[in-house]
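Below, chain A partners chain B and then partners chain C, in two separate complexes.
This part shows the complex of A and B:
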C-alpha cells in the first residue's frame, strides 16, 4: 500500500514538474486573479464623478461646493441650467447631480430648512446609496458649521474596530484569497483523472493492484502541496501589494487552510471521475465552486440579509467558514478558540468529500 | 491459484451498447461468446475493425462487465474476483497507454512499484527485459519520444514486469513498421515457449501464422476457431485467380459465371471460388482469359465464412 501510494505520488509530481502549463496555472493564475478581483471588487468610494448645478452663485453656495469636492467626489463640468439634466446620466459620465437652488444663501439665514436637490443614478444601487450617504454627511456638517451652538442632540462617535480606516480591501482581500484557493484546488484535481481517461493511461493502470484509495490519495497529495504553496503565495501578495496586516497567527491560518483545501481537491476528483473530457471538467469546476463561494460565503453579500433558503444553503458552503477563519485570523487576530465550529465543519466536510470521491471512483470503463 | 486449469475459460459472454442518440437502438458488440485458452498457447483473435475484438478483451481484462456470461481468468472469477484477475494478468490496451512525459526507466519502475516488486527484484527483472526489448540505450528517453515499435516494446515490458500468468494484448502491432512487427511476434513466441499464454488481437490476417490457434471474429460472433493451417485447409472450394485492373470492374459478371460460387476482389486480383477448377479454367480460356490456380488464404476463408453467416441469418 505504502509502496504503491508512493509510486503514484512520485509519478504525479513528475507530471506536474514537467508540464510548464500546470505550473503556470498554479503560480500565475492566482496572482492575476487576486490583482484583477481586488481592484474590481473594491467597495471604497474615491473620486466618484458628480456634477453640481449652482443657481445661486453666492459665497455660501461656493462654500458648500468646496465642502463637497474636498471629500469623496470629483467635480465634473457643471451645467448652468436644470434643463435636460437626465442626459448627463445616460452616458454614464456621472453618478450624481447636486442642484443648489436660487437664494440658497439668503434662505440659509431666514428659513429653517433649505431644499437642496440630489439626483442619483438608481440603476447602480450601490453607488446610489453611497452618493446619497456622502452628500447627506456633507450637508449635515455644513449646516452645523453655519449654526454654532445648536448641535444635534445625539453625537455619534463611531470607531471602526480592527480596520480603523474602513479600508474595504481588508475586508475583500482575505475573502478573495479563499475564493481563489477554492478555484485553484478544484481545477487542479478536476483535470487530474480525466486527463488519464483521455490519454488512455487510466485503462492501463486500472488493470493493476492499485486501489481507488491509492489512486485518489496519490492524486490529491501533490496538488495538496501545490494548493498550500498557492495559499502562501496569495497571502504574501496580499501583504506586499495591499498592506494586509496578518494580526493573528500565520501558522494557525495555514493549518486551518489544510481541511479547506482538501475539501476542494476531493471535490475536483469527484468531478474528474464523473466527466469524460477536460473541457467538461473545467466547466463543472467553475460552475460548482464559483457561484456558491462568491454568493453564499459572506464575501460581498451579507448572508444575514438573504432569504431563509439561501441562508440554509450557505451552511454547507465551506467558503463561508473559511472566510470566518481567514478574516478572523488576518484582520481581527483571533485564535483557534474562537474558530472551533468553523474548524470542525471544515474537517468533517473534507473527510466526507474524500470518502465520497473514493467511493464513487469507477474501477471499470464505460 | 489454479495452475493446472486453462488460462481463460469463459462462456456465454454478451455485451451490447446503446447507440448514441437512439434509445431502443442497441448495438450488439459481442454475441454469446465462449473462449478457452490453454497455458502455453498464443491465441489470436482476428477480425476487421468493429468486430468486437476490443470489447472482448476489455471484458476479459475486467474493465467491462459482460451483460451475461462469465468464467474464470487464471482461475479467478471474471466478475467477483476482478482484483485478483488484475494482479495475475498483463493487459495492453490498443492505444499507447504509458506516460509520455516519463522516461523509459521511470515508466518501468512505476509499474514495478504498483505491482509490488522490491528494488532488487526490479533490478533483476529489468535486466531480463532489457535483454529482449533492446531499450537499454534509451532508458532516459521520454516514452513519448520513442518510435512506434519501441513504444510497443516498452508497453509490453511494463506489463511483463510482474511476470504475469497471462498476457492480453489488444492490437499490439497495429501502426508498427514491418520489422518491429516481426520482432514483436518473436518476443511473443519466446514468452509462449516459457509457458506464458498470450491472447492477442490483430486486424492483419497475415499475422495468424504466428498463432497456435486463431478465432475469426465478425460482428461479435465467432466465424471459426482452430489452428490457422487447419482453418485454411477447411476452405471448401478451389481458387482461381484473375489478374488485371479491368477484371475488377467485371467482378459481378464473373460472380454469376457458371461454376463460380463467389468472386472476391483482393487488391488488383480477383479470386473466383469454384468446385470445378479444371472446368472453369477451360471455360475462361475459351474466352481468352488466363487464370492461375491459387492457394486459398485466411482472407478467403474469412470472406467465405462471412458470406455463410450472412446467408444463415437471411
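This part shows the complex of A and C:
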C-alpha cells in the first residue's frame, strides 16, 4: 500500500515539476496578488481627502478643524467658491465636505446641540459611510471635551486593543492570505483530476492495481504540500512587506492551516469528480469558493451587518473560521484555547468533505 | 463565390459550431448565466461597511442607579448587541481574545457620585482594534450615546454637543450596492470573455482538434472571431440578466442611457477578448490558461476600483491602474447607471477603451496566429 501510494505521489510530483510554468504561477502569483490587493483595497481613512468650509472663523471652529485633521483625514485647501467646491466634489478630488455653520461658537454656548454638515459622495457608499462615521467620532470627542468654562460631565478615553494605531493593513492582509490560500487549494486539485479525466488517462490509472483511496491520496498529497508552501510564502511576505506582527505561535497557525487547506483540497476533489471538463471545474471552483470566501468571511464586510439568511449561510463557510484563526493568532496573539470552536469546525468540515469526496469519486469512477 | 463571402460563411459556420458545443454542455452554460445573477444578489445584500450589531460588553463597576440607566441606553437600537454586563475587569481581556465582544463600555467606581459632584468620572471605551475602521465608527456611536445619557448631569447648560448632519449626494440612503452593482455587472463580462475564451482556444489545442481546424479551408481570422463572438454574446446575455435582477431586487436606478451602457460593454469586450487571446497564446494547457486568467482577473479587478476607489490607493498603484481597461469601464458604468452621465462627460473613457481594444485585439490575434503558423 505505502509503496504504491509512494509511486502515485512520485508521478504527481514529477508532473508538477515537469511543468515549471504552472509551478511558477502557483507560487509567484499569490504573492503578487497579496501585494496588489493589500495596496489597492485601501480602506485607510487617514489619506481620505476632505475639505472644510469654515463659515464661523472662530477659535471654536478652528479647534474643531484641528481635531478633524489631527485625527483621520487629509485636509485639502478649502475651495473659495461653491462652484469650485462642487467641481472638486463631482470630480472625485475630495471625498467629503464638512461645513461648520455661522455662529458655531456662539451656538455652542447658547444651544444644546449645534449641527455640523457633512456632504459625502453617495455613489461610493462605503467611503461615504466611513467618512460620516469618522466625522461623527470626531464630533463626539470634541463635544465631550466640553466648552471652555464649563467642564464636561465625563472624560472619555478610547482604547483600541491589539492595533492602537488603527492600521487597516492589520485587518486586510491576514484576510487576503486566507482568501488566496482557499483559491489555490481548490483550483489545484479540481484541475489536476479533471485533466486526467479529460485526456482519458484516468481510466488507465483506474485499471491499475491502485485502489481509489491510493489514487486520491497520491493526487492530493503533492498539492497539499504545494498549498502549504504557498501559505508559508504568503505569511512571510506579509511579515516582511507589511510588518505584520506574528504575536501568537507560528507553529500553532501552521497546524491550524492543515485542516483548512485539506477542506478546500477535498472540495476541489469533490468538484472534479462531479464535472467533466476543466472549464466546468474552474467555473464551479470559482463560484463555490471565491464568492463565499470573499463576502461571507468578514474579509472586508462585517457579517453582523448582513441580513439574517446570509449570516446563517456564513456559518458553513470555512474561510470565516480561518480568518478568525489567522487574525487571532497573528494580530491578537491568542492561543488554541480561544480558538476551539473554529478549530473543531474546520476539522469536522474537512473530515466530512474528504469522506464525501472519496465516496463520490468511488461511485463515479470505481 | 467571392472570397469575403466565403469567409463570412465560414465564420457563421464556426460560430454555430461553438454554440452547439456550448449547448451540449448545459452545466457550463447554466453556470455562466446564473453565476453573475447570484453574485449580484449576494453582493447587493452583503457588501456594506455600515457598522451594526457590534457585540458589546457593559462593564458596570459602580452598580448605581445612574450607571445602570446610562448603560441601559446601549440596549436601544440595532447598533449594539449586548452580550452581557460585567461587574469587574477580570475577564475583560479574555472576552476580547475569544472574539465574543468587540466593544466594552467601562463605567468606573463612584461614577454616580462623581457625576453628581461634577468631578468628571473617567469612562473608558475598549475596542477590538483588529478592524480599525469599524472600531473608530463604533466608538463614535458609543460616545454619542454616552454624551446624550450624561447630558442631564452636566453643569446647567454645560454640555454643548456638536452633532453631525450627513447628506449624501446621488445616494441619500448610502446603499453600498449603488457602488458595487455597476461593478458587479461589468465583472461578469470580464470573466466570461477573458477566462472562458482563453480556455476554449487552449482546449482545442490540448485535445488536438486545433490542428484539424487549421487544415480545413477555414481562414485563421474566422477561427479566432468564431471562437470569440459566442462568448461576447453570452457575456451580453449574462450581463442583461444580472442587470435586470439588480433593478428588480435592489431598485438600482438606471439614470442614464442603457444603450450607452451596452455600447461601453461592447467596446470593453474588445480589450477583454484581446486579453483572452494573449493568454491563450501564452499557455499550453488549460490549467496554465486558467491560472494566468485567474491572476489577471484578480489584478484587473483590484486595480479597477471595484472594491474601493482607486484614487485612495498609493500613487504608484494609481499609476499602474491607468493601464487597466476595466478601470475606465467600471467608472463609465457607475457614471451612466447611478449618476446619469452621458457621452459628453464620458467620451475620454470611450476613446481610451477603444484604444485599448484595438491594441489588445491586434496583439492577441497576431500572437495566436504566430503560434499556430
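Basically, the second predicted complex is superposed on the first by the 270 of 366 C-alpha atoms of A that agree within 3 Å, B and C clash if a C-alpha of one lies under 4 Å from a C-alpha of the other, contacts with A are read in each partner's own complex, and residues count from 1 in each chain.
Convention: contacts are C-beta pairs under 8 Å (C-beta built on N, C-alpha and C of every residue); 3 or more make two chains touch, one makes a residue touch a chain.
Bear in mind that the values here come from a model prediction, so they are computed numbers and not experimental data.
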| item | value |
| --- | --- |
| Partner chain(s) touched by A:200 [first = chain B, second = chain C, both, neither] | first |
| Partner chain in contact with A:117 - chain B first, chain C second, else both or neither | second |
| Contacts of A:328 with chain B and chain C, given as first, second, both or neither | second |
| Residues of chain A at both interfaces, chain B in one complex, chain C in the other | 19, 199 |
| Chain A - residues contacting chain B, complex | 3-4, 6-8, 10-11, 14-15, 18-19, 199-201, 203-210, 363-366 |
| Residue ranges of chain C in contact with chain A within the complex | 25, 27-28, 31-32, 35, 38-39, 42-43, 45-55, 81, 93-94, 96-99, 115, 118, 120-137, 139-141, 143-144, 146-147, 150-151, 153-155, 157-179, 191, 195-196, 199-200, 203, 206-207, 283-288, 290-292, 294-295, 298-299, 302-303, 307-314, 317, 321, 334, 338-339 |
| Chain B to chain A touching residues, read off their complex | 58, 61-65, 82-83, 86-87, 89, 91-93, 95-102, 106, 109-111, 113-116 |
| Parts of chain A lying in touch with chain C, wherever the complex brings them together | 19, 21-22, 25-26, 29, 32-33, 36-37, 39-45, 47-48, 64, 72, 89, 92, 95, 108-109, 111-130, 132-144, 146-147, 150-168, 170-171, 183, 187, 191-192, 195, 198-199, 275-280, 282-284, 286-287, 291, 295-296, 300-302, 304-307, 310, 324, 327-328, 331-332, 334, 338 |
